[in-house]
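Chain nomenclature is as follows: A, B, C and D, assigned in order of appearance, with residue numbering initiated at 1 for each chain independently.
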Amino acid sequence: MVDIAPWDMMAVAMARLLHSGETVFHGVASPLPMVAALLAKRLHAPDLVYLNITGATDPTPEYLPISTVDPALLHGTRSLVTLADLFDLSGRGRLDVAFLSGVQIDGAGRINLSAIGPYGRPSVRLPGGAGSAMLMPTARRVILWRTKHDRRTFVEQLDFVTAAGNVDRVVTPLGLFVRRDGRLEVESLHPGVSPEAFREATGFPVAVGPETPVTPPPNEEEMAALRSVDPDGVARSEFG
Amino acid sequence: MIDKRTTLAQAIAAIPHGARVALGGNTLHRGPGAAVHEIVRQEKRGLEIVKTAGAYDVDLLCAAGCAAAISAGFVGFETPFGMAQAYRRAVESGAVEAREHACATVIAGLRAAIQGVPFMPVAGLTGSDLPAARGFIALRDPYSEAEVFVVPAMVPDVAILHVQEADPQGNGRIIGTRFEDVLMAQAARRVILTAERIVEGTSFEAAPEMVAIPGFLVDAVVEAPGGAWPFSCTPLSDYDAAYLTAWVAVARDADAANAFIAARILAGAGVPA
Amino acid sequence: MIDKRTTLAQAIAAIPHGARVALGGNTLHRGPGAAVHEIVRQEKRGLEIVKTAGAYDVDLLCAAGCAAAISAGFVGFETPFGMAQAYRRAVESGAVEAREHACATVIAGLRAAIQGVPFMPVAGLTGSDLPAARGFIALRDPYSEAEVFVVPAMVPDVAILHVQEADPQGNGRIIGTRFEDVLMAQAARRVILTAERIVEGTSFEAAPEMVAIPGFLVDAVVEAPGGAWPFSCTPLSDYDAAYLTAWVAVARDADAANAFIAARILAGAGVPA
Amino acid sequence: MVDIAPWDMMAVAMARLLHSGETVFHGVASPLPMVAALLAKRLHAPDLVYLNITGATDPTPEYLPISTVDPALLHGTRSLVTLADLFDLSGRGRLDVAFLSGVQIDGAGRINLSAIGPYGRPSVRLPGGAGSAMLMPTARRVILWRTKHDRRTFVEQLDFVTAAGNVDRVVTPLGLFVRRDGRLEVESLHPGVSPEAFREATGFPVAVGPETPVTPPPNEEEMAALRSVDPDGVARSEFG
């Protein structure tokens, strides 16, 4: 089972978290959420409303771009909204799912996309949180994804809280966190990931052991759908 | 009707040092590339750049010493090219101030400017360190007692937008995503449009809904074929991946970046006219 | 994809008594006439009607006893037909509450609803008795100390909009002026579209900019040819001047208005299907 | 000179108040402002930007409608804005001229379009001020027009102040007021109107006498332009 590519496992795991009828949004630099939303629509969520930063509503892209602001994501859209419209949708409580990420993520599911080191004079100035400070408290569910799972990413203490809010799940190459009572708990380990490896890679304490469930590997139907949604493997691009 | 056509050099020359400049487009797409290069050539200084999500434009203006502050929600090249290295350097060295926003607070500040009100409420921001870091204040709603953050009006001195088609009166047609361009055109004191091509405005009369920028808001119109480069400009051109890769490679180092700017931008080599 | 088509009777039946109902269009133009007539037939009671500038729709809903309150900036038939006599009677008798707005404060209340914030600042209103009469409060700007009036969020329970074309998923194309229809579609909890014709949504893909109402905001789509009548619906039909003249003539008198409603609306005579 | 039709005199007088390059707006029920804006563009203000409630920007209507919200006013527009956009334009100080009216107008140029009698239980419920409470304080210049000039219209005391603000001129069938130091002063009397008649028709004190200037009657060029802009005499419709 360890020969499951992490990008395939993550894309499928993220898609499984989406339900038909939900409004689902991703912003810039989000290949995996793009693939996951389209995959979920293909598989079990035909009535999912796929929204993205281009202002497309349920587009049917002919190919998947690496830049998730790419005009290719407009193909097939029947209406055009603005980023402001999408923030408003979340602000009034009508956005069901927002995909967000963080360079640092703490045990409460809060994220840092702003700076490493002192905020006023950082050792590393990060890109910034884009929509996250507004979306995380207002979207009904926030799904965080991160292609790196190590102690520099999952930290005890954020250098800066860029955003905090309604985090539901965190998906990584090693497994899934679910947020309960404001804390991230390990929901499952991906096939071939040992509890020790997961604990070692996580900078805050986690309850994980032999009893921890294993993420069901992508089944044939999921893999076939993934290959047809993302034939060029754009999801893989996030792994550099 | 007024003919607002001018040259890029003249349009940019009217921008004073220290101006607050809003740039259209988003990350790799439909940014006003030619205008940004002209800003570098004219050696503008002390600019505040306003954008929800910037990339090459912000990075270059930091490297070239044109920018003093960046008011944006995100600055980076997205997956293909990674972080904005010149922006990083400039902020880490203290040369440029990162006025960090959520993209939604950029929009809120522009909305307040558009509506002529001093502040705009914005949902969310709770639990974030951003309001404290930026001085965004929460007000109590006089009707419901709920608390909400408000963002001060942000009035750009000039908005620079690149569109696919414009007429000489400044009506601008945007094909595809409008990003924050329309908000910027309404919020700014002056608006400069660069356009892939200038067309007769009569061609817009059949479908005015397609015209994103009303001409009466526009001060200068510049015909600039390929004027988005190296940004994408759908459906005419994709972003220039080779050029952006070359830029990101040098952006990390001040000398390398300066040499690149001298050769590729100031000398104009490798920059499509 | 979800097929949201239903009958007008079913769509209107879902509106509870006492609902806050936003009506699209403006004065004599592109109002949802058929839906308003169905509201009268179903004898809805206690409705609050939200519109910037209403005419026959507001007047009829007052005459028929459906409306308890009117939140609007203007209620009248414009020059051709004069004042809204049934609205006048209802307000003067105390049967209906005039929740007077500036059109801009209707828009501000909708904008607050759209953005999910409790209030929206609005420029102006100074020197007017309206804020005192309506309880609109002025806040001090925490950044500049300037004072500005704020309007509480106004969330319609349902918005009813008539468009020229819609697809079964609720994407709605408006030809010509959009009025406040798009704001209403975003602000309301539920959206009912009546459309001159239902088309295949694929026909919208070539120019999504022409689609004013995104389908994902819409709950019910009703095919209603002539469904704007007696309002205009460009380019298909002008307002029905003869009918409106007849209405204004009887609207002044309760018995005459009731007889007109019984004959022309409840019985359906003279109301195009 | 008394054979000048009041609608012609008013349309011409209103047009003369508009300058090239100004943004000029009217709303519902505004035939005279519609005609005046188009007439000014034809005569001396070619670069006037004519905006109206339909969201048209410099339209070239094939015919003039009686309803000034009519789709006919969109003809020839090259962009489409919304009423909200136009209020915003005024709110940020970029609307040069707004045409407004009042059922009652007081000596300060304030207007009542709300109610006659007690506001809570009016003897006459009026249509309401539409955009005026927002536009009057924010537009750079407000031009009031009213086709009735009598003591019920020009009153000492408004029953309700619907709007107050930057009134510059008031145009009536009898003459023009200009607002100086917050008070309406008589600027000119239309040809054939006596000072006594004007004073008699005005419910607040006005300084008017033999020295009061006479409004220049429409000249041939103005009348020719008016006939070509408004061949059907839509301006006249306001006189019932």
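As a working rule, contacts are C-beta pairs under 8 Å (C-beta built on N, C-alpha and C of every residue); 3 or more make two chains touch, one makes a residue touch a chain.
This structure is a prediction, so every number in the text was calculated from the model and none was measured.
Colleague: Once the contact rule is applied, which chains count as partners of both chain B and chain D?
Modeller: C
Colleague: Hey, what chains does chain A share as contacts with chain B?
Modeller: C
Colleague: When the contacting C-beta pairs are counted for A-C and for C-D, which pair yields the higher total?
Modeller: Between C-D and A-C, contacts are more numerous in C-D.
Colleague: Using mean CA coordinates as chain centres, what's the chain A-chain D distance in Å?
Modeller: 57
Colleague: Taking the mean of the C-alpha atoms as each chain's centre, how many Å separate chain A from chain C?
Modeller: Between these chains, centre-to-centre, one finds 40 Å.
Colleague: Taking each chain's centre as the mean of its CA atoms, how far is chain C from chain D in angstrom?
Modeller: 27
Colleague: Provide the C-alpha centroid distance between chain B and chain C, rounded to the nearest whole angstrom.
Modeller: Between these chains, centre-to-centre, one finds 38 Å.
Colleague: So which stretches of chain B touch two or more other chains?
Modeller: In chain B, the residues touching two or more other chains are 115-117, 122-123, 209.
Colleague: Going through chain A residue by residue, note those that touch at least 2 other chains and give them in order.
Modeller: 74, 80, 87, 90-92, 138
Colleague: Which pairs of chains touch each other?
Modeller: Every pair of chains meeting the touch criterion: A-B, A-C, B-C, B-D, C-D.
Colleague: Quick one: in the complex, what on chain B touches chain D?
Modeller: Per the stated touch rule, the residues are 1-2, 113-117, 167, 169, 171, 186, 201-202, 204-205, 208-209, 211, 213-216.
Colleague: List the residues on chain D that touch chain B in their complex, please.
Modeller: Residue list for chain D touching chain B: 23, 46-47, 49, 51, 57-58, 74, 76-81, 85, 87-93, 138.
Colleague: Which stretch or stretches of chain B touch chain A in the complex?
Modeller: 26-29, 52-53, 72-76, 78-80, 83-84, 87-88, 91-92, 94, 98, 100-105, 107, 111, 122-130, 133, 176-180, 182-183, 232, 234-235, 239
Colleague: Going by the contact rule at the top, pick out the chain C residues touching chain B in the complex.
Modeller: Where chain C meets chain B, its residues are 112, 115-123, 137, 139, 141-144, 146, 148, 150, 152, 207, 209-210, 212.
Colleague: Spell out the part of chain A that touches chain B in their complex, as residue ranges.
Modeller: Those in contact with chain B are residues 27-29, 31, 53-55, 66-71, 74, 80, 82-84, 87, 90-92, 110, 114, 119, 121-138, 160-165, 237-238.
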